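Shared between the two complexes below is subunit A, which has subunit B as its partner in the first and subunit C in the second.
Let's turn to the complex of A and B:
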């Protein structure tokens, strides 16, 4: 399980899991799960187009991910955010379908881009993934405070002079970067499961932003490692285990909240613990409801 | 005149049996989706609408695996998915967003497994593509009665729930205060959406399913804030883009580079995007003419105050 070609798989998957845990935390906090689903799928269309005209798939992926992220950002400023995301997504997928209808061989390449081929990662891909991952994490570290503030309490951020829309665009660009980094190795669908499942579960266990962030990374890495080991043993696709484990962790988190609530003997209508220390996030409703 | 018509409608367009079925079924499906979609967009559930399509696709892959009729796979999985979303989904938009994401993530994982098992057992990789992208020209005429029945079911649900749906979209609190069973109404709407989406998924594919659900409705809601009018607009736009898309796809058979026709889905989504951008532009023009006050109120309640129900909710995500 740890020999030869498997080493690259473990390294790349761990890097992707760490980044997914971090970016996913903000994704869930901002209620942007749809964006996290749409941008990688749009990038997939770009990769299909790039392979058609013989350019590097990474370039096509990055370009399409960036275009879709920016158009969601700009169109979403005026229209309904989720509707605009859906429109961008279907248009990009439509382009993908067009590219695929032009090319001759596609079935297995598509399958790999959607569901990933983490067991066939080359050393070059490891380097590219690492470089992009470092850029993503650096961006989040630099933007940490304003990003958290606009995610949790947009009104307060606005009052403090943070430009919420500019922050949204920055966040979307980071999502596009993560997409470019992860889709070639783990696939569009698996990345999405990681970015939503792990942080969603982590938030049930703690309301403190930093602990939730670390827990999210921890759960994400645990999911990926378990999934790879299970996939190695059973030969079933990695994406299956990641998707199902994400849901299992999420349900466990919900169960934990319910248990704590009944143990504390108080009903908190928000579905989250009201007993913890009154952190910024608790006071302002990290679960997305301004009090 | 004849020459112009011939160049628009390539020879055989009106006599081809697949085209006729596609025009009827595609038109009906996009009509139902557009009407249901207006409520989906108003309630901010585009993500759920898209996810139900992907979940239906999982069901389609499962049905393919066991050799059942794909339609029932699509419908079953979409309804199970809708139930799971309703179960996990908090009442707040962000909680719902996450619940949808979790259900979708699990569904996609299962889809990966089904497709894997399907390809290893039967060695037909083409099935993946057909399931994911669908094709309007492969609808069988024998399925039309079932489709019609399910379409009527979806439309009946939204017609019966018209007022409570809108009211609970505006404010869940006001709706509950007036005695609307908010959760039941929400669950029934998800059910109608699941049926509409799985119908469109199995006939026109997952991409177009989301496109005809959200696109016409989103464009219509840029044109008008009145729900009744928006439904009419969405229906017209949905039909127009689908039929025009079919026509263009038929004509494109003679186009470069491959000489075997461009996909219908590309034309339909491109047309929808154009219509949406035009509607957005018209909306901006109208707001500018009406002056700054109207622009301000465009974002919030009060636009159609004085009507039977309160105005549409402020747009989520808009500043």
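Let's turn to the complex of A and C:
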């Protein structure tokens, strides 16, 4: 399990897991999970198109990921960008389907782009993934505070002169970069589940932003390692395990929150019962709106 | 924040708007608005929904550029990037699950615009603790922001704005979703802050009564026009009738002021939101 071609698999998958855990933290924080779904799909279409005309799939992937990320950023400038994201997603899926229909002989390669090819990574890919990974991590380390600020209190950030839209564009570019490095390894669909499952679970376990970020990385790595080992043992697709484990961690996180809340509720209930109804009476009885 | 690095001169003019008009999408949203704010003073920006309060804040913050008139900050045309103005918006639409404690949110007010991950530092932590203490938030400093009550969140946001040592603090409807007790706490806190740090504080509200005990001046807004000055000089029948463009009654009931439209008034609904009929009778 740790010999020969498997070594590359472990290394690359670990790098992808670390980066997905970090970027995913901000993806979830900014409510951009949908974007993290659309951009890898666009990357998939780009890679399919590139292999069709015989250029590097990585280039096609990166180009399409960047184009889709930036169009989401620019078209969705005002407020919520979910409609624009949906449109990008549908458009890119359509394009991917078209390229797919033109190139039946690449079916297995296409399958790998969707579900990943962890067990067949080349040494060249290790280097490319590492380089892109370093760029992504550096970008997030530099932008950590402004990203946090603009995610949580965008209006207050804007008021003090932080360019929130510029920050959003930076973030989307990083998502495109992460996509480019990860899709060839874990595939478009799994990329998405890593970027949302792990950070979504992590935030349930801690109140501190940096701890949540670290935990997100830890969970992401744990998911990927377990998935590879399980896939190696069972011969089932890695993707299946990544998806299932992501959901398992997320649900465990929710369970933990619910359990803590009920535990806290039992302690609190005696103290708070007396003040509750009285406050209600003051609020409605004396502050009533005139008719 | 017991020390004030910028002592600030009381009564020093911090901000002034001169003849500010603003057109947006072909409509005149603000018309010839003029007022000034002084250090150490708390000013109420009073008006019903849609009167133009939030727009005035956006003009002060430089997020909207006036079609006419001037905005002067400490005597100079204001610059866009400025930490000298603290702003607490009407609602921040917080995700309840965000992994952030009250103290983290306050710390972001200090250096949230800087690059890099902050290293743990004692002086930074001390500063955060001081500001938390100043807004009486030590009790929930380590609670997740999504779990705070309306009043607690309001105080945390005030601390977030305050830690950057602003000279002007803008609060958009900070009392809108608070019960009476938190309302009084927040109002008292803001009055204390204005005096202690010699900050000019501008608070918008659609109801002026909660602010009456602490308000040094009022800017009364109706349909994009404003009248400003000491409360007793502005909240008068002649001034407000001129502002609204039709007769209004100003009634003093106990310690409260009710602004009521005249009998045969067509603009009745707009005024209704500005008055309160039932006195609170808390003391």
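Operating definition for what follows: the second predicted complex is superposed on the first by the 261 of 291 C-alpha atoms of A that agree within 3 Å, B and C clash if a C-alpha of one lies under 4 Å from a C-alpha of the other, contacts with A are read in each partner's own complex, and residues count from 1 in each chain.
Assume contacts are C-beta pairs under 8 Å (C-beta built on N, C-alpha and C of every residue); 3 or more make two chains touch, one makes a residue touch a chain.
Values in this document were obtained by computation on a predicted structure and should not be read as measured data.
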Exercise. Identify the partner contact of A:53: answer first if only subunit B is touched, second if only subunit C is, both if each is, neither if none is.
Key: neither
Quiz item: Now for A:87: first (subunit B), second (subunit C), both, or neither, which partner does it touch?
Solution: first
Quiz item: Which partner does A:7 contact after superposing on A: first (subunit B), second (subunit C), both, neither?
Solution: neither
Quiz item: If you stack the two complexes on chain A, which partner ends up touching A:246: first (subunit B), second (subunit C), both, or neither?
Solution: first
Quiz item: Touching A:208, do we find subunit B (first), subunit C (second), both, or neither?
Solution: second
Exercise. Count the residues of subunit A touched by subunit B and by subunit C, then name the partner with the higher count.
Key: B
Quiz item: Of the partners subunit B and subunit C, which touch A:77 in the superposed model: first, second, both, neither?
Solution: first
Exercise. Return first, second, both or neither, reflecting whether A:31 touches subunit B, subunit C, both chains, or no partner chain.
Key: both
Practice problem: Starting from the residues of subunit A touching subunit B, keep only those that also touch subunit C in the other complex, and list them. | Solution: 31, 287-288
Exercise. Spell out the residues on subunit A that touch subunit B in their complex, using ranges where they run on.
Key: 28, 30-34, 36-37, 75-87, 89-91, 93-95, 97-98, 100-102, 106-108, 110-111, 114-115, 164-165, 189-190, 192-193, 196-197, 200, 236-237, 239-244, 246-247, 250, 254, 271, 287-289
Quiz prompt | Residues of subunit A touching subunit C in the complex | solution = 29, 31, 141-146, 148-149, 151-153, 155-162, 202-204, 206-212, 279, 282-283, 286-288, 290
Quiz item: Which of the residues in subunit B come into contact with subunit A in the complex?
Solution: 41, 44-47, 49-51, 88, 90, 92-95, 97-98, 100-113, 115-116, 119, 125-126, 128-129, 132-133, 207-208, 210-211, 213-215, 217-218, 221-222, 257-258, 260-263, 265-266, 268-270, 272-273, 276, 280, 284, 315-319
Quiz item: Hey, which residues of subunit C end up touching subunit A in the complex?
Solution: 61, 63, 80-83, 85, 87-89, 92, 94-95, 97-101, 104-105, 108-109, 111-118, 142-145, 157, 160-161, 164, 179-181, 272, 275-278, 280-282
